[in-house]
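Some structures to go through are shown next.
Each of the two complexes below includes chain A, the first together with chain B, the second together with chain C.
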Partner chain A sequence: MGYPNPSHGRETPVLSKYFGDPEARTLAGWRARGGYESLEKALGMDPVEIQTMVKDSGLRGRGGAGFPTGIKWSFMRPDGKTHYLCCNADESEPGTFKDREIMRWTPHGLVEGVALGAHAIYAETAYIYIRGEFTEPIARVTAAVEEAYAAGILGANAMGTGRRLDVHVHRGAGAYICGEETALMNSLEGRRGNPRIKPPFPAVAGLFGQPTTINNVETLTAVPYIIKHGADWYQGLGRDDNPKSRGTKLFSVCGNISRPGNYEVTMGFPFGEFLNELCGGALPGREIKAVIPGGSSVPILTREEAEGALMDYEGMVAAGTMLGSGGVIVFDDKQDMVKQIARLARFYAHESCAQCSQCREGTAWTTRILERIAAGDGHARDFDTLLSIGENMSGKTICVLSDSCATPVASGLKKFRHEFEAKLGPDRSRGVVPVMLTTNRSAVA
Partner chain B sequence: MSDTTGPKMVTLTIEGRTAVVPEGTSIIEAAKTVGVLIPHYCYHPGLPVAGVCRMCLVDVERFPKLAPACATTVMEGQVVHVHTEKAREARTGVLEFLLINHPLDCPVCDQAGECELQDYTFQEGRAESRYEEPKRFNPVEDFGGDVMYVPNRCILCTRCVRFMGEVAEDPVLNVSERGDRAFIGKAEGHDLTNVWAGNVVDLCPVGALLSKDFLNKARAWELDRSASICTGCSQGCNITVETRDNTVVRLKPRSNPAVNEYFMCEVGRLDYRWINRRDRLDQPQVRGDGGVLHVADWEAALDAAAAALRGRRVHVLASANASNEALFLAGELMRTSGGRGVFRVALGDEAPLPGVPDLSLRAERAANGTGARVLGYETLSTTPTIAADDAVLVLDDSLEGDVPDALLEAIARGAVIVHVGTTLPARIAPLLQVALPITNHTEEEGTFTNLRGRVQRFLQSRTAPGLARPSWYVLADLTERVGVTSGFGTPAEVFTAISSVHPAFSELTYAQLALRGLPILDATARGLDAPTTAGVA
Partner chain C sequence: MTYGPSAGQLVRPPEHHHETPYVPVFTGERREQLDTILSRYPTKMAALLPALWMVQDVHGWVSEQAVEEVAQVLELSPAYVKGVLSFYTMYHQHPVGKHFIQVCTTTPCNVCGAEDVVQAFLDATGCGELGVTSTDGRFTVIEVECLGACGFATPIMINDEFIESVTPERAARIVAERD
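Now for the complex of A and B:
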C-alpha cells in the first residue's frame, strides 16, 4: 500500500502488505499471517538449495547497488570459518524511508529474513545494524527478536532444528557513512565507521575478519516470500522485456508531491504513471520540475526524463540515472535547484568520513562554491571549477560517497544551468593565487 | 616460516621497467625495486596500509579504475604506468585538494625543505589555486611530550594515528570529527609522553606534527647530515646526526630493518646537547714540575704518556661509549701488561616498541657495552685491585654520577693516571699525569657493537674542538710509542687488526659493514642474538 495513503490498485503489495496493520507486529499476528513458515521450511533445506532458489528468483540487492543476492550468497561456502550475516538497516540515504516502514510494521518479517539468510550462508550469528535515529524501528525489531528468542525461533535450538541462530540488534550512532557495508562492519566492531579498502571483500574477510554477507533490509525481507511462493513466482513479477530486474520494489516518495509515502510496485513500472497516478502528481497549481529517483546520490532527472523512465535497474540507467535505494525526491517549480543541490552537497560534506583526500576536501569545497552561488556571489568560472572538482572526486576513493556528492552537482549543473546562471553576481575574481612563493614548472612542462 | 624454495616471484612491468618481486608485494614497493618512486602520503613501509590519501593512484593496464599502488598487490604480467595523463591528473587533483585548506605558510614552517607536500606540488601540482573560499581554521595544539600539532597543515594521512595505535600500541591519537572539519585528536587526559611518540614527527609527511625541541631552530636546507649510531642505549639504533654550523641540532632515525626499522626513542633522540658542550678538553696537558697541569703539544704529551705507561701494568677504565677501535687499542695496553679493563654503564628501564620485533630502549644506556665485553672488558662490579706501581688509563669515563669511592681510591693508588678523554673530569684532574684530548663519536668514525652483536659504523658529522684528535688515532699513537702496536693509519686498519686478533670479529671487514652493519661471528654462541620475549610480536 502507498502507506500512509490507501493502497493504490496498481501497486503489488508483498513486503508492504501489512504496513499499517499493528497486529502484524506481534509474533502471534505474524504467525497468523503465515510468518515463519518459510524459515521453518528453509531450515530443512540445504543452504546451497536456498542460494540457488534466490539466484533463480532474480532478486537483487535493494540497498542501491543491485548485486544479485543469490550470487552474493553463493560466495559463502562451508570453510570451517565463522560466518556472519549483517543486515544493513542504516537507511540513511536522503529521501529513503522504506526500510523504516518494514521495521516499524513487519519486524518479524525482517527477523525471519535475517534468520533465513544466516542459514543460507552457513552463519550462526547475524547482526541487524539499525540507524541510530530510528528509535521506533529499533524498539520494534528489538521486541520482535526478543519474542523470537522466547518462542525458540532463535537461539541454541532454532525452531527445534538443533541449529543455533543468533540475531543481535545493534544501534548505530548516526553516521551516513555507516550504511556503507565495510564502514558498518567497522562500526559494529567498535571502530570508527570508516569504509575499508576492498579487496578483501566481506565474503573473504568481513566482520571481525570473517567471511561475511551483508544485505539490505528490503532484500532480506523479500527472501521468505521467495521461499514460500517459489523462485518462479518472483521471477514472474516485472516487465516482460527485462529479465534482469525481477520482483517488487519499495519506493519512498517525498518532496513536492500530492501523496508522499511508500509504494510497492513491480520492477519496470512506468515512472510517469507512478508519479502522476499513484502519487497523485504535483501539488495543486504547481508543476514538477525535477526528480531524484533513487536517493540523493543518483543523477537528477528533469520531469520529462523522469516521466519517460521505467522503474528498474536497467530502466533508470537508460534514463541516465540509477534505481539506487528507491528514494524518490520530487522538486516542483517553486524550488530553487541551486539551493537544493547546495543542500545535498552540504549533507555529503558533513557526512564524509574524512579518510580520502578527494572526498574530505572536495565535498566541502563543492559546498562552499554552491552556497556562494546560491547567495548570489557566483561567477561562471565556478561552473568549470565545480565540474572539474567533481571529476577529481569520482572513481578515485575508497567508497562512493565522494562520487555521490559529485553526481547530483554535475547533473544539476547540466540540466538546470539556467537557474545557476540566473544567480551569478559580479566578478569578484581575486585573479591567480600562487600556490607557493616560487614554483618550478619545468619539471612538469 | 622458512621455505627453502623461497617465496613465489612475480614479474611485472612498471614504467617500462621489469620488476621481479615476491608474491604479495604492493605495487608501490615493487616500483621502488626498479627505481620508480610513486608519490604518496599515507603509505609508510613501517605502518599498516591505510590507502586514504589517494596520492599513489597509478594506471594499471586492464584495470577499469586507477589503483592505489600502496593497497594493490602485484600480479604476474601486470603493466603499471605511473605517469599517464590520467594518473597524473588524479594526483594533481589530490594535491589541489590537500592545499585548499592548507595555510601555505612554508616560509615559517619547520617542515619546509623536507616537506612531501612541497616536493610533490613542485613535481606535479597546479601552479595556482582555484580556491576562492575562506580556509578552514583550527588552532595549534600542544600534544605533550616533544610534539606540537598544527592542524591547518595536516593532510589527515593518519600515519601518526597508525603509529601510536598499531606500532606503539598506545592509541593516544585518533581522527576526530568528519569531513574537512576532521583533525588529529588526542585522547582526553593523555599526552604524547610515550618514549616512542617522537616518531610521529618523523612520520608526518608535512609540517603538521613538529618537534618542540627543534622548533624554529634551523631550516632543513641549512643542515648537514651524517650517518651515525645512537649512543642512548645498547640497541644501536641507526641515526642521522644533523648539524648546523658544526652544532648538532637534531637526531633522526635512519632506517635499518635489522635494528630499528624506521624508529628511535625519545631518550636517544633528545639526548644530544652533551655533544655540543663547550667545556671540552681541547689541548693536551701534562703535569709538569711543581705539580701543575700545563698545556703541551701533542708530541710532548704523547711521549709523556707513553713514558708513564711503559713498563707498568696498565688498567683501563673505559667509557661504554668508546668505539671498538679505541677499546681494542687501549686493550692492547692492558693485555700486554696483564692489567684489567673495566667499564661503568648506567642502567634504566626497558621500554620496548611493541610493533617492531626486538626493538627496545634497552636497560644498558650506552652504545658499546657489548663491544667492550667482547674485547675483554668487564662491567665494573668489583673494584679492580690496583697496585701502587700500576698505571691507570681512563678512556673517556667522565667519572661523573655514581662513582664508588673505592674506585676513586683505587685509581688514586695507582702510580700513574693517564686520561684520554673528551673532557677533564674534576674528580681525577688533580691526580692525573697526562690528559690527551679526543673527539666524541660525532667527531670521528669507528664502530660500535650492539647488544645483539651487530657491529655498526658511525661517521664523522662535526669537526673537533681545538687540538682534539680521534680516539683511535690518539690511542694508536700512544700504543705505538709504548711499543705494543704499530702502523695504524686509519680506523679501517685498526678494525682489520681487531678482526685478525679477536675470533668474534674475524671475516668482518670495515668496508663490508657499510652503513647497516653486520653481526659478529659467534653472536649465537654468546647468546647475543636471542631477542627478549618483550620485543617479539
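Now for the complex of A and C:
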C-alpha cells in the first residue's frame, strides 16, 4: 500500500498491506488478519530451526547495513547468559519514514516480530527503542504491548508455553546517533549516546554487557511472514538473476515528487519505473535532477543514473551508490544542490556525538566551507579541501557517521560540480593565485 | 539560510518564569510509576531517560533541583545526570514557551519549502528569532533535524503533538488556535 496514496498495482504489499486500516491496530483486528499465528508456531520451534529458516529466506537487515538476519541470529547460542533483543526504532536518517508507518498502522505486527525474534535468540527480554519525537508510534506500540500482556501473549507464560517473554518500550530523547547500534545500547543503559568501540561485538557483550542482537523495525516485522509462508516463499520474491537480495522492501519517497509516501516492492524493482510510474514522477512543470536513494548517507545519483538502477543491494552498488535504509530523496531542477548538500552536512555536524576528532571537526569544517560556497564566497581550492577533509573523515572513526557526511559531499561535488563552480566568488582566480605564489616563492628560494 | 540554536542551547528566556519552590516529582503515584519502570531493567541507571521524561512532563523542563532529585532516586551523581541530560536535544535545560514549536528543516523538508514554514511561525508567534521565547511567554520556535516524516513535509512538533504537512498559511492558523 503506497500510504498515504492508494496501493499501486505493481506494489507487493506484505508489511504495508494494512497501512491505512485502523482496525488492524487492535489485537482483535490483528488476530482477525492472522496475527500472532506465527508467534504461536515459532514458540513451538527450536530457536536454531527458526534461525535456519530466516537464513534460508535470504532476509537481510533493513536498518541500512543489509547484514543477513539469520546469520546475525546464529551468533546467539544457548550459553546460560542473559540475552537481549533490541529493536531499533530510532529512525532518524533523513529521507526515511517507513518504520514510523509500520508502528503507526501495524503495531502488533512489530510486537509479534519482536517476541518471535527474542525467542529465536534465546532471550526473555526485548526492548523497543523508539525515537523521542515519535509520540504517536510510541503510543501505538505501547498500547499493543499492553494488549499483548493482558491477553497472555507476553509475560511469564507467553501464549501458554510456560516461557517468559517480556517486551518493553523505551523512549529516546532526540539524537540521530542513537540509531547506531552501540550508541542505542548506551542510551538504553542511561548513558550519553556515544557509539562503542568494536570489538566486543554486541553478540558477545552488548546491552548491560550481555549477548545482544539488534534489529531494525522492518526486519523484525518481516519475520512472522517468513514463518507463516515459508523461507521458499520469501526467497521467491525478487529478480531472478540476483540470489543475494530477496523479499520485499519498503521505500520511503520524499522531496520533489508527485506522490511522496511509502511503497513496498520486491527487491530488484526497476528504479526508473518506480519513480515515474508508482511515485508519479516530477511535480508538474518540473524535472527530476538528482536522487539520493538510500537515506542521506549514500552517494547521490543523477536522474539518468537513478532511472537505470535496480532497487536491491547489488543493483544500487552497481549504480555507484547503496540501498541503505531505502529512503529516497528526490531533487528537481529548481533546487540548488550546493545549498542542499550544505544543509545535509549541517545535519551531520549537529548530530555528531563528538567523540572522534575527525568527525567532530570534519563535519563542522565541511559545513562551514559548504555554507560559504553556497553564500557565493567560495574559492576553487575549497573543492580540494573538502575532498581532503572527506578522505580524512572516512574509515577512521568509531562509527560511520563521519563517513556518512563525507559521502554525499564527495558525490555531489563530482556530479554537480558545475553548480559549485557557478557559485564561486567574484574573484574566480583567487583559487589559483595563492598556489602559484607559493610555487613561485619556493622556486625563488 | 538562517540557523538558530538547538534545544540544548536555548537563549534563557523571560521574566515570565518566576522562581517557585521546587515540587518533587517522585512521590506518591509517580514514585510507583518509576518503580514499575525500574522493574524492567537490571540497573537503576537504565531508568534515567524515562525519569527525565517524567520530570519534564511535570515541570516542563529539567531544573538543577530536578537533576538533584533524579540523581538521588537513581543513586547517580548530579554531574553524571547533567552529562546525560545535555546529550539529548529533547530535554529542556531552561524553561521554554508554553508552546514549544520545532520545525524540521533538514534537506528533504528543505527542498519542499520548510524555511518558509519557519519564517511563518516566527512571524505568527511574534518570536522573531529562533530559540527566543515570545514576550508573552507563550511560544518558542526552533529548527529541528529530520523528524522521520519526510514524506509529509513539513512536519512540526508542538510540545508532544506531531503535525504533518504544515504550510506557511497553515502555520499562521495553527498559532492562532493556541491559547
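Convention: the second predicted complex is superposed on the first by the 425 of 445 C-alpha atoms of A that agree within 3 Å, B and C clash if a C-alpha of one lies under 4 Å from a C-alpha of the other, contacts with A are read in each partner's own complex, and residues count from 1 in each chain.
Definition applied: a contact is a pair of C-beta atoms (placed from the backbone, for glycine too) under 8 Å apart; a residue touches a chain by one contact, two chains touch by 3 or more.
All values derive from a computational prediction rather than experimental measurement.
Look at A:398: by the touch rule set out above, it reaches chain B but stays clear of chain C.
Number of chain A residues touched is higher for C, counting chain B against chain C. Touch criterion met: A:175 reaches chain B and chain C at once. With both structures placed on the common chain, the touch criterion links A:224 to neither chain B nor chain C. When the shared chain is aligned, chain B comes close enough to touch A:356, but chain C does not. In the superposed model, A:347 lies in contact with chain C only, and not with chain B. Of the two partner chains placed by the overlay, only chain C lies in contact with A:261; chain B stays clear of it.
Contacts of A:192 after superposition on the shared chain: both chain B and chain C are touched. In the superposition on chain A, contact is made by A:132 with chain C only, not with chain B.
Contact with chain B, but none with chain C, is seen for A:385 once the two complexes are overlaid on the shared chain. Common to the chain B-facing and chain C-facing surfaces of chain A are residues 175, 192, 350-351, 353.
Those residues of chain A lying in contact with chain B across their complex are 175, 177, 192, 197, 349-358, 360-365, 368-369, 372, 385, 388, 391-392, 395-398, 429-430, 432-437, 439-441, 443-444.
For chain B in complex with chain A, the touching residues are 49-55, 57, 65-66, 68, 71, 89-90, 93-94, 96-101, 104, 106-107, 118, 121-134, 136, 155-156, 158, 174-175, 177-182.
Interface residues of chain A, counted against chain C in their complex, comprise 4, 82, 91-97, 99-100, 131-136, 166, 168, 170-176, 187-193, 208, 252-256, 260-262, 296, 327, 329, 331-332, 335, 339-340, 342-344, 346-347, 350-351, 353, 371, 374. Note for the complex: chain C touches chain A at residues 1, 3, 6-7, 40-43, 45-50, 52-53, 74, 83-84, 87-91, 105-108, 110-112, 144-153, 157, 160-162.
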